[in-house]
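Listed below are the structures to be examined.
Heads up, the next two complexes both have chain A, just with different partners, chain B and then chain C.
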Partner chain A sequence: MSQKNRIGVFLCHCGGNISDYVNLEEIEEKLSENEEICSIKHHENLCSLEGRNIIKDQILRENLDRVVISACSKITHGATFEKYIKPLNPYLYEMPNVREQCSWVTNDTGKATKKALSLINSAIESVKYNEPLKKIPTTVKDSVLVIGAGISGITTANSLAKQGMKVTLIEKRPAVGGAMIQVGKVFTPDKMSEDCAACLLNPVIDEMVHNENITLLTNTVLERSTRNSGNFDVILRKKPEYVNPEKCTSCGNCTHACPTFAPDEWNEGLNSRKAIYKPFPQAVPSTYTLDDEACIKCGACINVCPTNAIHLDAIDEIISLTVGSVVIATGHQRFDTSKRPEYGHSFYEDVVSQMQLARLMGVNGPTDGHLQVPSTGKVPRRVVMIQCVGSRDQMPDAHKYCSKVCCMVALKNANLIHSHYPDTEVIICYTDIRTPGVYEKYYKYVQDNGIQLIRGRPGEITREDDHMLVRIEDTITHTKQEIPTDLVVLSAALESSEGTIDAAKTLGVPLTEDKFVKEKHPKMQPVSTDIEGIFVCGTAQGPKDITDSIIQANTAATKISELVNGGLEVEPFIATINVKKCVLCGTCIDNCRYQALTMNKHSVRVGPIACTGCGDCIITCPEEAISIQGQSDEKLEASIAGLLKDKPDDEQIIIAFLDDIGNVSANNMGINRVACPSSIRIINVPFINRVKYRHIKYALTHGADGVFLGEYPDTPKHNDIRENVKVMKKHLEEDGINPERLLIHSVFIPYFRGLANQFKEFDEELQVLSK
Partner chain B sequence: MEEIKKFIPTEKITLFRSCLVSAEYPGVEASTKYVFDKLGVEYVIDRNQSCCTGLGHYYDIFDELSTTALAARNFSYAIKNNHKQYVPMCATCYAILKTSAKNLNEKEDVREKINKAFRENGLEEFQYTKGDIDPTNDITHVVDVLYYLKDKIPEHKQRDISGLNIATHHGCHYCKVHYDDTLCGYRNPEVIDKICEVMDSPALKWYDQKPRHCGGGFRQRYANRDLSLDATVDKFLSLHREKIDVLLVMCPNCQVQFDRYQYVLEEKTGDKHYYAVLNIAQLVALYMGADSYKVLGIQTHTVNLEPLLDKLAIEYNPKGDTLHVTEE
Partner chain C sequence: MTKLNRREMAEKTEKDLAHKVLDDIKAPKDLGLLRCVQCGLCTSVCPASRHSEYDAREIIKRVLDNDETIIEDEVIWNCFYCYTCHSVCPVGNSVCHVNQILREMAIQKDVGKKQIESFMSFADSYLEEGLGVIPQEYQGQLKIDYGKHWENLQENLQEVREDLGLDSMYLLPEAKETVDKTLEAIGFKKRVQEIKDVRNRK
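This part shows the complex of A and B:
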């Protein structure tokens, strides 16, 4: 800094919270030796209106260009002082935390005063590097792509469209409705009744079809997506339209003429359909569709079509769109039961899945709603249901999680069988019955209706004479049983669908270890993803029932509305790229987990909404072309230099770089008055990888006895960070510095006592080391 | 061929001998060597090798530490011999060795305790360094090697063995101890089945109780004989229902259970049906023309193999059986 600064320092007493422990007169005396400081003022409560007047008055009177306010934590009053320093730019001040991180954790006045002075000096050195910045206003395009037209996708689309947004709703299959349209019946626990699923879903579908803001594209998948300054440029692929929907009158002549059969997906393969067909009678859109994998292109359908609607040489359509947000509502699929050969689903006709059972009982199913044993066509005398097929299973080819809905599904179907065929006995073999909330009442109701329950997971199913045999150990009575039955129903796990995995891959959204779309935070941000602007809802995010899917779908719509209508202003602490240094290698783009960086023609662009300012890109850039606005390397080094200014040889100082979580934890230490060694000097960084080796080396060679890194471990970069620390320790060794002087530790907000202990232990270790 | 995720060696192999193979069915070892020679697999037998402790381990005679120490000793010989690819014939050896290698690699205190014991007793040469043996890629079962080279097997065909009704029985300690290293599935294990296919003698796709264990259960067979045999009965009866000619195994423990105890099981169930019990290596050797007595060692079997050879019209000289005294 060639030009001299005019810095004002304001010391808050905080009504004794600070001044009772810190000798502010002594501090004032020391600071007055610094010629860049043009004004030093005290006040009982700087956050008061009187405080504002003092600050403003001094800025104008002394022509200050930068301000340091020694007070509490920035979290408590940062926003207050940002306003109080007007007419200065709100980013031209620093706030050393002399309360939570000093006066409240240090009992000895001498030590507290020394520490406070070093914290204030650090702020003085650091504030010199502050730049006048502006909050960045952003706008998000009001068009949305919703992937998947099941209950979740349709619900989101409806809500967004009603809020005036343009929605493109795409569905891979030829008809909308997803799993809900297929299950036939849903149940309402309060009414103890099973209701028609289609009757509940159809009005929702109608609403979607008639809303002019929604464009529905069936037989369509997402092919590519690129981030383009906050928006998404997407490319969709729609299967060839062999049957022109404008011309098709749904007469059905084509199906009649078609000689080729394929398994009927709508009925879960229980029967066959033709290669040209309508998925099911109530399908939306109601146009006929052609399965080009099964079709032999014989042309029989063309000959009988009265409106000339069929074109076998149609080609697929590529659609390109730019949208502001994307919703992943790609749903689930069911566990492949052929992975359980001991249950024989692939070779015994009379072993079916719950969805197949639902189709067998569905009025628009293959038996017109009559429950029949597939091999005999008779009503079953007994039905045995097996729960947790592929769920709650520790084996490598199964899912460790509970699929959440199968207990309710089994109870529903069991009760349906019971009410239509009272002579048919139903037994459910379960691991645990999980029916939380009001579902418990339904469970009791079904049990009272005579459905039997056996706790145990059958070992195998075999065929004997004219019936099936289920072998099970009843784990309550510890007896082995062989249950003869006509029909076996498997409750297969819900798993992430192929479409979900594909969409996540195309969009660059991380998946959980179970391959569902990973939310930004499973508790606090259940529909957001790591990529700002991409949201998830329904079973694409994890197993859940219809109610939960609808709740999540509406939440996703609300979150998008916030982005579009909220008049977003974001903090300016984002990455900036020095175009002179940047060689457009793209390493930073590949490494950014927020997809905040995009390649433009001749530059790398930073998306201000997506960028969190974590600074991880800084260390990946081979040309050192990236910096975070207002948080330069030099500024960080200046903070360190300030902390170590005039340090006497006999004083031990540990510089603790804490990420935001660690900083809050350290504040909690103060709020709870947990003692912390006075050697600890905290510097809050947005992300631990922001601290470069040069900073650590600088600290350790300019008087710091130790460097402590406090990292919140629950981030995808955790391993990288730990690896980086190992590398830095090696560098220290090469530079002749004891690597033990650098320590990294995990931090958690409620774990402030643990953090205090860590500080204490490190402090003691360093005392031993220095001897 | 399904994607193989582990390394399968064809050279630098130490064929790890099994106490049960040597004591009960030496023909399994002879057959394995016969087949390996034909297929050009390079291997050695190590005279210094000790038992894996498997049987003793599951009898609670050997604790895990002694088992691991003994494995460390065996590994050191294999490494010194420049034949560190361990290929056991027995599923138990396979699983025990893998577990030991994992323990030695991952548990520093265990490794240090064992190395210390070696040092204190003048056995420094046996000391184990982390990573010496990779449990996944340095320890494979004989069936893994046969599966890997299965397409070469028909090149050595000498006898037609088609037309047999074969059931396969896979070793639990191959399938279910180290799941991730198991080839061709473990719920419906098929690795032996795939080897059968190339010899034009496909095995039953599925039979009731297929994934069930043999019932042997190490000490259970002797200490809780009824429990052990009760567990075998279900599978035994299922095999009878399928009217099989051969039960193919890959572990000598299972072979003992189904061969040595076949008459006991017949008596127990009152159900009779002849079937032979063979190790997959024995069947491959037979297919490649090996001598029934000198290589397959059928004279050591309890259930006579001769009826099966007759069915296949394979000639043999009964005088080859020098084990049993026959009346002139």
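This part shows the complex of A and C:
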């Protein structure tokens, strides 16, 4: 800073909130010694319109190029003063928080005045490094990739397309509809009935098929994705199109001719299908498809195809797209019940899963909708359903969570059996019945229909003569029972699908411990992921029913619409790369968990939406080529220097670097008038990682007695930050500085009393240390 | 008429039975006792529950209900440690572990000592020879269970061992002395004596 600045300082009384505790005359006197300060003004309430005139008048009259406004917190009036300093650039001011973090927390006027002066000096030193910046206007490409064409993916695609966005909807399987189309019947709690799932889903599918903004690609998976300046460059792989959909008339000759069989996925393996087949009669797209793993390439199908639509030498297609957003709607799969061998699903024919039962009852199923015991072909005399198979189970390979829908699924299928086969007895063995909200009414309705419920978890199923035997304790009547039955139905847990795990891996989105896609915040941001621009909905995010999936799917579409249509302006505090220093090593790109950095020919580019300004890249860069705009290392050092300016030897000063959460917590201390040692001088940093060792060392060698780091721990970087502090403590030791002068503590917004106590304890410890 | 159990709000002064079990040295660190939701899976697979009054789930219920009378209840001696309940429990509880702890509590009292007195001949052979030999009184039943082959083996054990090139199964004097000292030091002898005292008293 060679050329002299022209700085104006404005001291707000805040109607006595500040001036009653801080001697502003004394401060003015001290500041007037600084020749870079060209103007010092007081006012009762600087945030008033009168205050605005004073500030504006001084800027113009004194030709000020920087402004310091000593008042309240930036959160309260930052936006106000940003406007008041016009015609100066809105980033050329600083606001030392003399109210919440000084006058309201310090009882002694002398101490409060000293502290206020040091906060103002810090702002004066730091404002010199402020740069004129602009908010960054950004645009997000209005094209979206939706992965998975079940009810969630189709719903999102429809909503986005109706809002004018271009959607590419990909589906790994040959037909759309996911689990909902397969399940056959869904229950309707208000009507107390079971309705046709396909009838509800088909209009939604039709809408998708006919919307010109949607391109549907079946047999297609996401192969690769790279972030490119806010967009995603994706590579899709579509399986070879052995049957040309343009030519195929769905006559079915090929299937008749095909000599090869494979298990029929549509019917959950209850029967077989041919290697060339149509997944199910109502499949969309309505084309035949070829299973190239089962096909023996005999050519029988080619010979009988009247339209010459089959090409066995077709190759897969690689599709490259650039999209602005991605939605993960990859759904779930059902728990592999062979992991619970005591239930014998893999070796007893008459033990089936709920989905298999649904297929057995489905009119387009293997028995044309007639419920039959697999081993005998007869209508079962009794059906026993077992709940929580693989759910609420902490055994290895099972899932601790409740799968949320199985109680409703069992009640629905039980009632369905009851209404079609009134002579068939149905027993549901449960641990707890979970039918929240109006679903409880359906539960009561099913009970009224005579479905029996036994409160107990069976541990063993065996075969006895021509039927199965379930052993259970009825824990309510305290009776040990053996229940002979023709059919056993297992309510298998919902778990994250392979497709979900693959998509998350390819996109670099973290998974939860249960392997579902992790939301940005499970409560507050349930469809966003850690990567800006990637969203999740439906069972890819966790077990949920159709209604909840649809709600989430629409929410994801809304969130994308916000990005695309909101005319987004982001704060300029993002990483910038010094191209002269950068050696294009890519370390920062690999380390950025927000995928904000990308390699662009001969430079590293920063995506302004994705970058959070966390400053992690600054630490990882071996060339020190990265800085955060408007928050340079020098500026941070100047803030420290300002705090320590003219510090008398007998005064103890602790520099407290607080992240945004910590800063709000400290403000709450002020609002609640909780006393805080006057030695505490707060510097707000966006993330604790922003504070480098050089800053800590600078502080401790230039008069600070201690450095306090206040970190909100619920961030993905928490462990790294704690590790880094350990490393910095080692450096301090090597540099001959007592490492106990550096302290890191967790901060939480409501925990301001705790923060005040930590400050007090650290203050006392340091007093002992310095003796 | 069952008595109404009133749960007063006063602070708990004594540890309840469930926590006594959890704090026992024998309890695995992650024992899921407090997570039990009484689903009854354990009972449905438990052979002892199937063939006797024992009910695995009920054992846990009574522990969670702080029903200390369970310690004196003969039913806890029906479990034979097959660990099936342990291997299937969805919340990581283990009835057989809990049972072992309850039995240990019972052994601290006369009622448990009586239950294990029939094992004392095992203890005696251990004290006398430092060996876990099957006591004479069990031989009859084993002959019935395992038949001629087993009987032959017992009668000709010495020769069989010689054929196989094995040394005598009896310990050397110094080894015996070490075992003896160990049994003394760990309180085994004292415990055996206490159990025998209960027998002799009646």
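Keep in mind that, in the parts below, the second predicted complex is superposed on the first by the 766 of 771 C-alpha atoms of A that agree within 3 Å, B and C clash if a C-alpha of one lies under 4 Å from a C-alpha of the other, contacts with A are read in each partner's own complex, and residues count from 1 in each chain.
Rule of thumb we're sticking to: a contact is a pair of C-beta atoms (placed from the backbone, for glycine too) under 8 Å apart; a residue touches a chain by one contact, two chains touch by 3 or more.
Since this is a predicted model, take the numbers as computed values, not measurements.
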{"item": "Simultaneous placement of chain C and chain B on chain A, clash or fit", "value": "clash"}
{"item": "Which of chain B and chain C A:308 touches, first, second, both or neither", "value": "neither"}
{"item": "First, second, both or neither for A:396, with chain B first and chain C second", "value": "first"}
{"item": "Touching partner for A:460 - first (chain B), second (chain C), both, neither", "value": "both"}
{"item": "Per-residue contact with chain A, leading partner among chain C and chain B", "value": "C"}
{"item": "Which superposed partner A:342 touches (first chain B, second chain C, both, neither)", "value": "both"}
{"item": "On chain A, the residue positions that both chain B and chain C contact, one per complex", "value": "342, 395, 460"}
{"item": "Residues of chain B defined as touching chain A within the complex", "value": "179-180, 187-188, 206, 208-211"}
{"item": "Interface residues, chain C side, partner chain A - complex", "value": "32, 37-45, 49-50, 55, 57-58, 84, 88, 90-92"}
{"item": "Residues of chain A defined as touching chain C within the complex", "value": "342, 388, 392-395, 398, 431-432, 455-460, 471-475, 478, 480"}
{"item": "Touch list for chain A against partner chain B, complex", "value": "339-342, 344, 347, 395-397, 460, 462"}
